[in-house]
Amino acid sequence: MTDSPVLLRIEELTTVFGGLKALSQVSLDINPGEAVGLVGPNGSGKTTLVNTVCGLYRPASGRVILEGTEITGHRPHLIARAGINRTFQIPKPFKDLSVYENVRVSSIHSRNHTSIEGALARVNLAELANHPISELTAAQQKRLDLARALALEPKVIFVDELAAGLTPGELHEVAEMLKEFQSSGIALIVVEHLMGFLEQVVSSVLVLSAGRTIFTGPLRTALEDVEVKRVFLGGESDAGN
Amino acid sequence: MLFEYAIVGGILLGIFYALLSVGLNVVFGAQKIINLAHGDVIMLGGYAAWELYQTYKISPIISTIIVVPITVVIGYLLNRLIAPRLGKSSDPEMLSLILFFGLSQVIEALSTLVFGNAERSLPINSIPTSPFKLFGESYPADWWVSALVAIPLLAIFLLFLYRSSVGLQVRAVISDSVEAAVAGINARRISGLYFGVGFALAACAGVWGVFIFGGVSPTEGPAITVTAFAIIVFGSLGNPIGTLVAGIIFGIFYQLAQVYVPSWSNLVPYALVIATMLTRPQGLFGRRQRVA
Amino acid sequence: MPKTAEIKTLQNTGSKTKTLISPAIATLVPVIGFALAIHVYSNELLLTYMAIYVALAQGVNIMYGFTGYLPFGYFGFFGVGAYVSGLAMLNYNLPPVVAVIVGGLGGALVGAILSPLFRLRGAYFAIGTLAASEAIYTIVANPSLQSITNGPYGLNLANYYSSGMAYGSAIALVAISIIAVSYVRGSRFGLTLKAIRDDPYSASMAGVNVPRQRFYAWLISAAIAGMAGSIFGWATSVFYPQAVFDSSLSVLAIVFALFGGVGSVWGPTIGAVLLYSVYNAIGISNPEYFQLIYGLVIVLLVLFAPRGLLGFWNFFAQKIRRKRVTND
Amino acid sequence: MLEIKQMNSGYGPMQVLWNLDLMVNPNEVQIVLGANGAGKSTLLKVIVGLLPLWSGSLLMDGDDIAHLPVTARVKRGVGYMSEKGIFPELTVEENLRLGGLSKKRGEIQDQIDSVYQRFPELKERRGSVAGGLSGGQRKLVGVGRSLISQPKVLLMDEPSSGLSPRYVSEVIDRLAELRGHMTLVIAEQNISFLKIADTVSVIEGGRTRFEGSVTDFTNDDNLKTAFFGIE
């Protein structure tokens, strides 16, 4: 189809925990500026996929290829420096550092020594730069995760449950932020339960159930899909009628 | 004959070592911390036996029973004092390590003030004295008497843990303290009690340590703690039955080293703990557990 | 949420010179203090030991204060340093000052060998290092190795004794250790260490090479202990293995560091000077009273300042800072 | 039986429930529907006391129970079956026994026997470690333990989670047998549980979206899409 390889190619990735397949042959291609939703019930393997691609878990089989270079099983800091980053479902700031210093840790390791102020401004945290973490709300801590990712010049960001616990106003702000990232060429993989929010951000989704891909395609189509409904709504496939 | 001597002696001493370390594992089960004052509780048990014999001529066998209720109460109260404060902190594991380290220093200092620096020992005729003979070798009386006392003690402990209603609650709390609370178990009280049981087992071992170690002195605690730690890590943290088996295996290793390479035998506990932690951190009988 | 755009007191507003001045003071004050102390108090050996403890407390500071790993077995590096430098003098006739540096390298080398212990977390690491150091002691003091280490009979360095030189080296080591801590605290290296301490995985996703950064901190800390042990052996001139492989060395270094406040530059210096003075006042004749005091201090610190343990210094600083913020 | 008004709560600094209302009547089965992350589990945890109530009221039989610790609420008759529902390291029988801690020994045994009668497959595996059972059997152990403790109201957190559809319908059938005999609050995203429910509440984004009878719910098409969270 193209001469240049896709930005990130996840190829039949399988992750096993103590004999149990938490992730089974999941594949996904994503190009610059694209946004894909990653949905599925609790325990379906969404976070396992993020953790495996980001190097926290070593996959049992399959490959992760970033811009034509295989990075499967590389150590997390190398993957992060190569341009794949993430946020956390429960935000994980460095508690003893200020907001500014939090981002500085990433900036040190970026190739072009990115502007810390710039990263903070993109997530609307510039005003809080000199504050200790303890003064940030949960929503602000999630945005700090994003700022830290931005400071490493990411090509792909996995956004893990950004919307949970946000007010409608905050949701809108975050959605706009993600769209701005996209327009700057960053690819987004958005793990989300809130379909309303997801619809604002992504065009297509990958639906996981029990570690397997059960659907890929547009979000609206996914919600009409019999298999997806069964997974989300339960036994009867006609439940939605 | 040396080999048989090492094996039989190792088993006899190993039973003692099982008793010596099981309390550390019990405290770990109750509180998910390493009790760095474990060796000092053992040392206190030793002084209790010494005092009871010197002043009241009470046999160490009786003393073993006397120390149990006292140390259970002390352990329980201590747990209730520290648990809520540690629970509030951001790094309870590290803080409790430092706390028990401080406690260990306090116990050591107080024991020196009360009992003096000199090592105290008990006459061997304070216990039944005839040596034990097997395969033509004879074994010191304290070896087999301590084993004979340790076996019923450990059996009672296991019955308590696996057959009593309170023991069931203990295991439920260890398995999942939140789930236990919603099952109506007062998790704090139960883990406090179990913590006290850990102290009591340590004190019982201390009574016999006076004989096996040839005496009791205020500074013996830390070395005993490391040995006990080596044994519980080897036999899996949180698994008391693993500790019993590990204690016996340790006793055999240690005796073999004593017999064949005596100058290197002190290396056994250290080598054991490092090798276990680096190669099989979950221990002999453990399932995969996040240690590292 | 407080309106606080104007509160820029916390960091990154200080000028370059300011960031150099405070470490310089933190280094020079104790160095000059030790240099002058000898004119007031003539027990040079005791002052040497005090300087050694300042360095050890700072070494613990680098390890525990900046990575959260508590090295109970810190004395192992100390003992290795004493033996490596002592044997270097005896066997190769190295000048003592050179031997001290070699001893530091010996400490760092053992640190490198023991680095797999980093796979362990929290208490496991603390006790793992303790076991490793006890194992090294058992090997060094072993009668079977008498031909190499002189086994249980220790080393006699009386021929290399030089009044003043050892004390001067100890003061230099104090300076080195404080400069090392200041560097760690103010540099990117220190920033990444603090990030690792807060959350290792998060740090790695910020691009930090977690194992390597920890390893460097460990080597610096081990080298300081190695040099401290070397100077101790040299100044003591005759020592037995149990004197340099003494777990109470780690105990005291850790207590001094905790008491003064880990993570800071001044804390361990103040902690070591204060508590070691107390130790000399009452500890030599009545060690158990001293032990009782510091044991209680630890217990009380943990129970009543659980977030802190950064000692009174930071505790007050924080209080003052808070006051300032609320007053603004 | 249970009356919740204007409940606000969450984890740490993160607010999950926003002015939520819930009303449960005696002997009714209420299903709390919502997508993942809607706040169903949080709601149950606040009721049983595992999470603090930030503001609002929580009444049981007219009494304020919000200030009571977990064990006191359990004693008052609040039963809670978590998603996990069991102690995996303990045997089936030990798990069941933990449901009857306040009862006499003989009495517990009778009740355990009656659970075995209801769920014969548990009797066969009474000595096995509960963690080794199939997902469906594990849920039965959890249900069995809850039955023995005889709560006034039983809160069940996603009894279908981790189960294949075959087991889900089995669990539903078993719960159907309890209908009318006890007060049940079932937090679910699986709408097949509707067939055993008397009333439904739908939670979306931590807010009550709908409260009413099952028929009202099934007649409202909009609600079903709301359940997915799409405006």
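Letters A, B, C and D mark the chains as written, and numbering starts fresh at 1 in each.
Just so it is clear, a residue touches a chain if its C-beta (ideal position, glycine included) is under 8 Å from a C-beta of that chain, and two chains touch if they have at least 3 such contacts.
The structure presented is a predicted model; accordingly, all values stated were derived computationally and were not measured.
Name the chain whose C-alpha centroid is most distant from the C-alpha centroid of chain C.
It is D.
More C-beta pairs touching across which pair, A-C or B-C?
When B-C is set beside A-C, the one with more contacts is B-C.
Calculate how many whole Å lie between the centre of chain B and the centre of chain D, each centre taken as the average of the chain's C-alpha atoms.
Result: the chain centres lie 42 Å from each other.
Provide the C-alpha centroid distance between chain B and chain C, rounded to the nearest whole angstrom.
Centre-to-centre distance between chain B and chain C: 32 Å.
Can you give the whole-Å distance between the Cα centres of chain C and chain D?
Here the centre of chain D sits 54 Å away from the centre of chain C.
In chain C, what residues contact two or more other chains?
Nothing qualifies.
Got the chain B residues that touch at least 2 other chains?
Only 90 qualify.
Which chain D residues reach two or more other chains?
Residues of chain D touching two or more partner chains: there are none.
Once you've mapped the touching chain pairs, tell me: line, ring, star, complete or other?
If you draw each chain as a dot and join those that touch, you get a single closed ring.
Every touching chain pair, please?
A-C, A-D, B-C, B-D
So in the complex, which bits of chain B are touching chain D?
Going by the criterion above, the answer is residues 165, 168-169, 171-172, 174-176, 178-186.
Quick check on the complex: what are the chain A residues that touch chain C?
54-56, 75-77, 80-81, 85-86, 88, 92-98, 100-102, 104-106, 108-110, 127-128, 130-132, 135, 137, 148-149, 151-152
Give the list of chain A residues in touch with chain D in this complex.
Going through chain A, the ones touching chain D are 41-43, 137-138, 141, 161, 164-165, 193-197, 199, 223, 230, 232-236, 239-240.
Using the touch rule from the top, collect the residues of chain C that touch chain A in their complex.
Per the touch definition, chain C meets chain A at residues 1-2, 4-5, 7-13, 188, 191-192, 194-195, 197-199, 201-210.
If you look only at chain C, which of its residues touch chain B in the complex?
Where chain C meets chain B, its residues are 68, 70, 116-117, 119-124, 126-128, 130-132, 134-135, 138-139, 142-144, 247, 251, 258, 287-292, 294-299, 301-304, 306-307, 309.
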